[in-house]
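These notes open a run of structures that come right after.
Same chain, two partners: chain A is paired with chain B first, then with chain C.
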Partner chain A sequence: MGLATFVISIVHGLLWGVVLGAVSAGLTLIWGVMKVVNVAHGEVALLGSYLIVGLYCALGLSPYIALIIALASGLAVGIAMYWGMLHKLVGKVEVMTLRVEMSTLLIMFAFSVAITNSYYYFIGSEPKGLGLWHFGPKSNINIGYLVIRTNSILACILAVALVAVLHLLLAKTTLGKAIRAVMQDAQAASLVGINPVKIKMQTTMISIAVTMLSGFLILLHETSIIPGTAALYTPLSFVIVVLGGLGNIMGSFVGGLIIGLVYGLSKAVIASVFNPLASAPLALSIAFIILVLTLLFKPEGLFGR
Partner chain B sequence: MAVLELDKVDTGYGEAQALWDVSLKVQEGGITVVLGSNGAGKTTTLRVITGILSPWKGDVKFLGKSIVGTPPHKRAEMGIIMVPEGRRLWPQLTVYETLELGAYTNRAKEKFSENLELVYQLFPVLKERSKQLAGTLSGGESQMLAIARALMSSPRILLMDEPSLGLAPKIVLDVFKVIEKLRDDLKMTVLLVEQNIHMALQIADYGYVLEQGRIVMEGTREELERSEKIRKAYLGL
Partner chain C sequence: MSSFSELKARLLKPTPLLIILLIAAVAVARLLNLTTLDTMTIFMYFIAIAASLNLIMGFTGYVSFGHCVFLGIGAYIYALMVYYVPWANALQKTGGLGIIAVALIAAVIAALVAAAVGLAVLRLRGAFFAIATIGLDFAVLYIVMGTVPFINPEQFYGAQVILPSRCLVSKTSTFTAMFITMALVLATNYLVRKSRFGMGLVAINEDEDAAEVMGVPTAKYKTLAFTLSAFFTALAGAVFYLNGGGVSPEAFDLAHTVDMIVMIVIGGLGTVSGPIVGGIVYYWLYDTLLVHYPGVNLIILGIIVGLIILFAPEGVVGILRRYEFKGVKLREVLE
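Let's look at the complex of A and B:
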């Protein structure tokens, strides 16, 4: 493997890693705060992607305006998911039992199957994307032998902004502090006047809205998406959230960078020394070996508590 | 008028009854203690008062009005504030953030700076450690932060669940001095639940003795101290 390939795979790995970090933020929030094992995470993100594609292609709306609509819809979908599926399981102050946590996993699993099949039925399995739409005056930037799509750069900028806003929300606002208090001890939170059930509902709204927004990043990075795209992002988000520590936004951002880099590098190495066709699946396997190693040796995550 | 009143309360967990016919009153501006050994039902009594547990029978009144069915966060808004057993701090929040959340309700938010000043004056160490995570504090400092968090909520009644538990004797002394100070200087109404009967009796104005989920005795501090039963069973005299 030459130096050029090495540099290219590092740059692209990092670009994707930033996106992965932002895509995982919603999962680390809903899982960390509410113990909702959202195995429909990637599918929810695609809901945002498809919404933006639909508004752009069918109505000719600018993706930026579509993004704002996706945010508003995300809050609404979050409320619907909370009252429709989660409230009966998690809408209480007591510590969640493992049985309830398993129930959230199963209910989200059912939801993911339902939503994926709806994608196949209503949208179909052909790739959907923003066509020739690109960020800035050109679609590509060339730096020596490096070719970077401007949409990938936009995805990075938005990803960093998303993570920064979410981090500030949790660190600085009263709502954010209340969310962290409920995550660490809901009963103690209720004793100072915080309503943990309301906080959980708001956490669901924020998590789902952020996840649907991150669907735009996936769309920008992947160029086009199919229902099966979720099957890549859901498992990778789980790896990243565990790696970064549950409920830790910055942790999952760094986790995303690590996984993006590992994935990019191992793909390049496998392609050059072994078989280019095997590179993508094997690189994914390596990401999952990291999940296993994290759970075995540092189950609280790299930045866990 | 009593600030808080329990009227013939029965309750328990699932099928297991833990309290039988418990009645007690907490008078304004004094320290009322509930004494009893482990498993006597002291914490259960406080859970009924904070609303974490509902009574099966009987009534809980705050300022003369029944509060049965009111959830814990609403009771906190009304001014029923508890320092829970084992502190129950949020380990990943800083000392300052913990105090800010203590003043979460609108009623407490209005008095934020006033209460913060009071709390820093009572516990200067918390000011020094304001940026430190609560999880890194020592046992004594944690107890002080737990009390401070409760004071930030502007309590109408302060409930304290075993504040001496797990603390070194010297720190226990400090904590009790603070409780006394709250009554004497701030005219605070306190309901204290303790296993450390010797210490609790020293600061009590009125007390109840719980045994196996029933109130078996009540009286002023002098009455309890003179009682043969207490001297034998609890003080080892």
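Let's look at the complex of A and C:
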């Protein structure tokens, strides 16, 4: 493996890692605060992607305006999901028992089955994308032997912005403090005048909205999406969230970078020592081995106390 | 004579009766040629995998999302074995029992994998366990996709093992093999539920720490249940994919876990009759929805499962157990 391959795999790994980190932010929030494992995470992200593609292709709206509409509808979908599915299971529960946790897992699972198959039925399995739309004047940037798509760069910028805003929201605002209080101890939080039900609803809203926004990043990075794209992003988000520690936004961002980098490098190494065709699946299997090992040996995550 | 009447009294309770009736019904349907062999094989496959998952998920409450990993391992080992090992191919040609004999080897390997993995991941509780099983499934899936094509690049394109005609068996044989598999797993479910081991598993479901304190060897029991469950899943998977004429990475698809979980949630978690009731309801739903609403069938199923979890978390059997019938509390007779 030459230096060029090495540099290329690092750069592309990091570009994907940044996107992965931002995509996982919504999951780490809802999982950490409400102990709701959103098994439909990738599917929710694709909801955002499909919405933006639909608005762009059908109405000719600029993706930036579509992004704002995605944010608004994400908040609405969050409210609907909370009152429709989660409130009955976790709304009044202060200490999560195993049984409640399993119920939330199963209901999100049922939701993911319904929504994935809705994509197949209503949208179809052919790839959808923004076509020739690209960020900036050119579609590619060449730096020496590196070729980077400008859309990937936009995805990177937006990903960092998204994670930064979410981090500041949690760290600095009153709402963020209330969310962190509920995450630590819902019972104690309610003693100091925080309404846990309200906070749980707001957490769901933020999580779903952020996840739908991150669908745009997936769209930019992948150029086109199919319903099956979710089947890759959902489990990878689990890897990253567990690696970063539940509820830790910055942790999951770093986790995303790590997974992206590991994927890029191991793919290049496997391609050069074994077979290029086998490199992508084997590199992905490494990510999932990391998940199992993290759960076994450091379940609190890399940055857990 | 007393042991005979005792046995009679035991077998006439609803749950063993349901098992016996189901087995008899399938046998009669086969003898009278009521439906096609394929339909019945798939029906029995559904019940078999649901009952397999029930051993771990129903009794102990550990939700395993990655059980399709054992389905896939069983199917792949079986397919590769009959492809490469002449005596295995000869053995499976002898009929249903021959298929079971070969599938047992695949199932034992899957069970060994499960035992090794179970020892490690069963330390995790709740969602972490579920996520670990998903991680395991994807890890194995991608390893299969990355290695199987290179065993024999011309035959196994895209990690698909399509069995050539020299490795195929008659539909009658796969029917018999699936019949044996289903009967075995249902009997195991019943025996486990009635045993000290089964009581231990239910105690783990109620409160694992309390069970441990009361002297239930929780780690041993959980691993044993997980291994048994993986064993039967692999057995059913091997026969199912043989019936389909080959195996592809689709065997590791979480959709199979969807099938299993949906069935035991509909039927009722932690009961022996749950997987049977759930399997029948699910197969009926699957069949009618697939015929009348192709494409929308899984959307409707997802919604149904969601509603069951929200409004009837105990499932069909759980609801029935609340009622009395002619002065007999159904709770006492429906396991």
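Here is the rule we use: the second predicted complex is superposed on the first by the 304 of 305 C-alpha atoms of A that agree within 3 Å, B and C clash if a C-alpha of one lies under 4 Å from a C-alpha of the other, contacts with A are read in each partner's own complex, and residues count from 1 in each chain.
To be clear about the criterion, a contact is a pair of C-beta atoms (placed from the backbone, for glycine too) under 8 Å apart; a residue touches a chain by one contact, two chains touch by 3 or more.
Keep in mind the model is a prediction, meaning the values are calculated, not measured.
In the superposed pair of complexes, A:Asn195 makes contact with chain B only, with no contact to chain C. When the two structures are aligned on the shared chain, A:Leu277 is found in touch with chain C, with no touch to chain B. Residue contacts after overlaying the shared chain place A:Asn117 against chain C, while chain B stays out of touching range. Once chain A of one complex is fitted onto chain A of the other, the partner contacts of A:Leu98 are limited to chain C, with no touch recorded for chain B.
In the superposition on chain A, A:Lys138 contacts neither chain B nor chain C.
With both complexes placed on chain A, chain A has more residues touched by C than by the other of chain B and chain C. Chain A uses no single residue to touch chain B in one structure and chain C in the other.
Those residues of chain A whose C-beta lies close enough to touch chain C in the complex are 31, 35, 37, 39, 85, 88-89, 98-99, 101-103, 105-107, 109-118, 120-121, 231, 235, 238-239, 242, 270, 274-275, 277-282, 284-285, 288-289, 291-292, 295-296, 299. Contact residues of chain C toward chain A in the complex are 61, 63, 65, 120-121, 123-128, 130-132, 134-136, 138-143, 145-147, 149-150, 254, 258, 261-262, 265, 295-296, 298-299, 301-303, 305-306, 309-310, 313. Within the complex, the chain B residues that touch chain A are 50, 52, 71-73, 76-77, 81-82, 84, 88-93, 97, 100-102, 104-105, 108, 135, 149, 152-153.
On the side of chain A, the complex with chain B involves touching residues 93, 174, 177-178, 180-181, 184-185, 187-196, 305.
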